[in-house]
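Attaching a single structure in structure tokens format; questions to follow.
Chain nomenclature is as follows: A, B, C and D, assigned in order of appearance, with residue numbering initiated at 1 for each chain independently.
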Amino acid sequence: MTNDNAVLIKVEDLKMHFPIYRGVIRRQVGSVRAVDGVSFQIHSGETLGLVGESGCGKSTTGRTILQLYKPTAGKVFYEDVELTALHSEPMRMMRKNIQMIFQDPYASLNPRMTIRDIIAEPLVAFGTASGKEIDDRVRKLMGLVKLDPDFMLRYPHEFSGGQRQRIGIARAMANNPTFVVCDEPISALDVSIQAQVINLFEDLQKELNLTYLFIAHDLSMVRHISDRVAVMYLGIIVELADRNEIYANPVHPYTKALLSAIPVADPEFYETRKRIVLEGDVPSPVNPPSGCRFRTRCPIAEDFCAQSRPEFKEIAPGHFVECFKWDHPDNQRR
Amino acid sequence: MINYIIRRLLMVPLLLLGVTLIIFGMLQLLGPVERSALYIKDFPKNEKQVEGIIRQYGLDRPFLEQYFRWLTGFKNPVTGEREGGILFGDFGYSRTASQDVVDIITNRFPNTVDLALWTVFPMLSVGIWMGVKAAVNQNKFFDQAARVYSIIGTSFPTFVFGLLLLMLLYAKTQWLLPGKMSDWVSQLVFSGSFKQYTHLLSLDALLNGRLDIFWDALRHMVMPIITLSYISWATFVRVTRSSMLETLRMDYVTTARAKGLKEQDVINDHARPNAMLPVVTMMGSSIAGLLGGVVITETVFNYPGIGKAAADAAAQLDVVTTLGMAIFTGLILIISNLVVDVLYAFIDPRVRLA
Amino acid sequence: MANELLNVQGLETQFKTPEGIVHAVNGVSFTLNEGETMGVVGESGCGKSVTMLSCLRLIPQPPGKIVAGKALFKGQDLLAMSSEDIRHVRGAQIAMVFQDPMTSLNPVMTIGKQMEEPLKLHLGFTPQQARSRSIELLEQVGIPRAADRLKDYPHQYSGGMRQRVMIAMALACAPQILIADEPTTALDVTIQAQIVELVIRLREELGMAIIWITHDLGVVASIAHRVAVMYGGFIIEEAQIRDLYANPRHPYTIGLLGSLPQIQEQGRKRLYSIEGMPPMLYQKPHSCPFSPRCRWVTDRCRMENPLLEPVGENHRVACWVDTTTGRER
Amino acid sequence: MTESTPTPTGDNRLLAEATSDRKISWFERTLGPDNYRIVKGLFKTPASIVGFILIVLFILIAVFAPVIAPPVGNDPMKIPRDGFGGKPKDPGTAWKKNVPEVPFWYEPLTGKTEWVHLLGTAQGQYDIFYGIIWGTRTAFQTGILVVMATVLIGVILGSIAAYYGGWVDNLIMRLTDIFMTLPYIMMALIFSAVLTPVLGRSLLPPLIAMISFGWMGYARIIRSDILSIKERDFVMAAHVSGVKNGRILFKHILPNAIFPTLVLASLGIGDVVLGFAALSFLGIGTEVGYADWGQVLSFSRNWITSLDKYWYIVVFPGITLTLFVMGWNLVGDAMRDVLDPRMRGKT
């Protein structure tokens, strides 16, 4: 399935390195290469899933797209506007269109503000509503995320995790954005609440024609909600494809291992299939391996993998892989 | 670890520079003539000499130049000897005590060390013991009592407490005495028949085999020791207790219990070493505080240490002497903080092996 | 029939909080047989961890309190024995592994020393014996250069390695039961897979019984023989693993399984979602704790709390409604 | 930076979840959650209630000082002297010279019509009762002034350090380190000694000295609080919402970072008064005869050998000072529990 809609977000060779300072004079001794050159596009109305293990740079990617960090290199476009070139005030104005939902529903709401003030904040910031209009709009938004509008004078600590996440969603929707970065929005929630929130995301997307970048470590949820999926490892995207394609025909050895490691709620599944268990731990992003990032844990790595970084190659329409051995017999698309 | 120590060592000159700058900077509030008191030994002052000193030390010059001369002193063109210079140990001349400030320090510092020596153990051990015990018996009687004690202890001003001790144990009963030594001891010490190996009276008494003198020294020190201890206990109980309570909630304590360890071992081997980490820092600053002179306690009990010297001088507005004391105690504190930080690094593997 | 190892009856545990008493566990009964792996599944606050910690009397008392129940381990009541006796059970016969390997190891004690503690304590090993056994154990759980790494401190290990150490430590005295309290929750997916594979291998080698507490229905499917689902401080369903996933009977279990996206799914199916929130447990539930969220709810559910009753071979459910027919039982 | 691992959903969230179902009183709603928590902390334990009562009592004494001890002469802050005799006089001795007006409460309470030295006199015949009553005003004056000034300096320096970061932060924090190294009482002593010739004997030298060497703790705490709040998700969420920087600072960062410190700092008044009394006791500060507890106490330094006879010079002002400090400490102890970061969000 390819998406014919217009490209909404374009990321070109984005890099985000965080300096590490040491010593009395705070000399820079190195940097955490959280995001180290990623490129992708998100089409209008689609959901791009971004998965990877903790520390792989997926959240940093999301935040850098939103210009919450000043990227070390690379460009980010929203439609035709280059976000990375904007000064702070024009960028602030862009935030009407670009929004974010956070992982931790406990930390992302100011404990000193009422729900009304939290949801109204983007409205006030852009002057989109004033006076009594604000209350009306807040009530509508609370209804949109299925919260009782009568609770709007309460404080965040009076709500449960799932309800708080809905408050965060209402805030993000206040100015009718077009693009929303969802940064692990369900990983802090209980299993039975996760489905509620996921369904809400889908409903909102249909209703408001939203475009999502959905960041998560839970591969089965990502598969459920995404149109296309990108897999990150140690600051780079190792594979990107349509969701059915990537789950049915994973090519990169890391994607394969990751997919096989997903716990499946089906005991029979485990009676027939053995999982691929990767050896060792993820290397440090301060000192990533030379050449292919994954070679230290890769079951099919060879000496030449250490020499240079493989190309991010389109091996089939819409299916990109960063691996030298994408055409290796074990790696063939079936 | 090595890096950490080096980094810490590099901080020392910086701290010294800052400390001396601040202290000398305070003098700028005074005029050149008052500042000249730093170097004047005669009293009443001879105006010509004052002018000479102002010129020699550049006391009417810009601040940095004054500061530099104050640090390094200068060579007397007549005698060829170096005069002044904090860096060379010349802290100035004390008018109120009619002696060099350095001499006051060398006379008084052993007394402060003597007191600190006997205070350290009771001060540290009892407070920590109470804190641990209170945490282990959370909300039981001992804990409640310890908390009440901690509040009262931190609220009771040392000098009030000290005066009450004097009232009961000295004025009323004569059991314990203020000051450093009885007259007969001081005669003995000055006569020279009493050998001063360490200049710490209590130790010297033991080394000379004079238990009577040792007993006298103790009688003079018990009240300051009690006063210094009760207030430290109050703070140590609070810090140790809360640190211990926090540690007891940690997962690794549950792990230790799940291994089947005796509750006593869980506390002694697992909880306490971790709970002590923040306490160690406080222990360090307490010991440093003792060595830096305990101004109020020494004054209340008329104990001739560094702190009393500073207080006496300050009360008579003798800026030169107090300044000298401040620089000296500043130095002591910088060194002891350094030692504590390095020790801390040794105790905590997360710092040591970083 | 295999031998019964642990038999818990009517366990109730409460916590005193500033807001009132929280009824965390409200009468839980189950048995664990020799060599069997039982999964305990539930959301946060359902009482699954508290149940297992209560069995070993490891909940902090106060504020926690075990109000009622028995936990018979080979016929002896763990809840009634002296604190000296239960110490000999902990770590020696029943061992535990906790959720967060970052905080479960003492940061200022070497791995070696922490490994040796139970060996010396329960098996009376000399320091040399304990050391060499520790090396063996670390090698068994797949820690390279084990002899060198004994001298290291926990912060020098990675998360996955730390959890391996925890497992090695738990298995040091060859316990009959291993209680694993969300041992993979704090780990990444690929590391999680490593740990699960490791435990499966060790189970085959050592043959101990395992209680695996988790909120992840996927992880449990890969390791357990039998599953107990907990909600509101009760076990609400219990069955053999395949039976539970194929024929869930309790509305909560049905909802939980339905709310997971299927790995084989092709089109975009809407997820089944259980509306509402888990209960607060400030009072001991006298009705079915799931009734406010249940789509099969009847008047009886709101009045009386159903007991766990058999509905098939080795399958027990606490529900007034037969969800296969939609009628009251 | 490295991404946080997913929050583990263990049973430890039980409490946090549970609180959301709590009934919320109109009182809490009016005050807002944090203020409510603080007020609740004030009345949390019997100990903190006792502390609160003590503080209120001292406030009443300070306010009604002219009624309790009618002023004699022009300056009420000068302790009235009953002659110039050397030896202290026992409590209950009749007043001979400079007898104050007898207030209305005196006769019904004591049954006497003549003023006596209720709590005795110190050397120089300074009346101890007057010293204590009017000294309460000195205590509040010094305490409030020093706390306000040190917090202000601390907040300004700490926020600048946190906001600008880089070398500004480095400079301010190293300066703080250096000031921290210096021994507090000793430095306050010296600075007062230096200031006294310039400003004359008054409250000012010790106040300035205590302010100059008392701000570092606040600067450090506020800096680190701001830095940690700055990293919190809700601040990032405000950025994403398009909120302007100024509003983020004043609406999101400062209130969350500074209020706890302000509350604790205001409870530091007890410690300040303690320090000030210590300086006075050492002979630094106001001129002899000023109504100030430390000074009244310092009179006893000349009578150490006969303290058993003149116990009242120590006991009465000593108890007053202790009760004052204890009042603040009792409330402060309860507050620390309430504001403890580990307790935040748990109500």
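Going forward, contacts are C-beta pairs under 8 Å (C-beta built on N, C-alpha and C of every residue); 3 or more make two chains touch, one makes a residue touch a chain.
What you see is a predicted model; the values in this text were computed from it and never measured.
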Looking at Cα centroids only, farthest away from chain C lies chain B
Chain closest to the assembly centre - both centres taken as Cα means: D
So, what's the distance in Å between the C-alpha centres of chain C and chain B? 55
Separation of mean Cα positions, chain D and chain C [Å, integer]: 51
Expressed in whole Å, how far the mean CA point of chain A lies from that of chain C is 32
Expected list for chain C, residues touching two or more other chains, is 43-44, 99-100, 188, 215, 277-278
Can you list the residues of chain B that touch 2 or more other chains? 11
For chain D, jot down the residues that touch at least 2 other chains. 5, 9, 13, 17, 19, 22, 347
In their shared complex, chain A is touched by residues of chain D numbered 1-7, 9, 13, 16-17, 19-20, 22, 24, 29, 32-34, 170, 232-234, 236-245, 247, 251-252, 255-256, 344-345, 347
Can you list the residues on chain A that touch chain C in the complex? 53-54, 160, 162-163, 190-196, 198-199, 202, 217, 219-221, 223-224, 244, 247, 257-258, 260-270, 275, 277-278, 281-282
Which residues of chain B touch chain D once you look at their complex with the stated criterion? 11, 14-15, 18-19, 22-23, 26-27, 29-30, 34, 147-148, 151-152, 154-160, 163-164, 166-168, 170-172, 178, 246, 289, 292-293, 295-296, 299-300, 302, 307, 310-311, 313-315, 317-319, 322-323, 325-326, 329-330, 333-334, 337
Chain B - residues contacting chain C, complex: 139, 249-252, 254-263, 269-270, 273-274, 277, 347-350, 353
How about chain A: which of its residues touch chain D in the complex? 18, 26, 32, 34, 54-60, 63, 66, 68, 88, 92-93, 95-96, 98-100, 102-104, 106-113, 121-122, 125-126, 153-155, 157-161, 163, 168, 171-172, 174-175, 184, 187-190, 217, 285
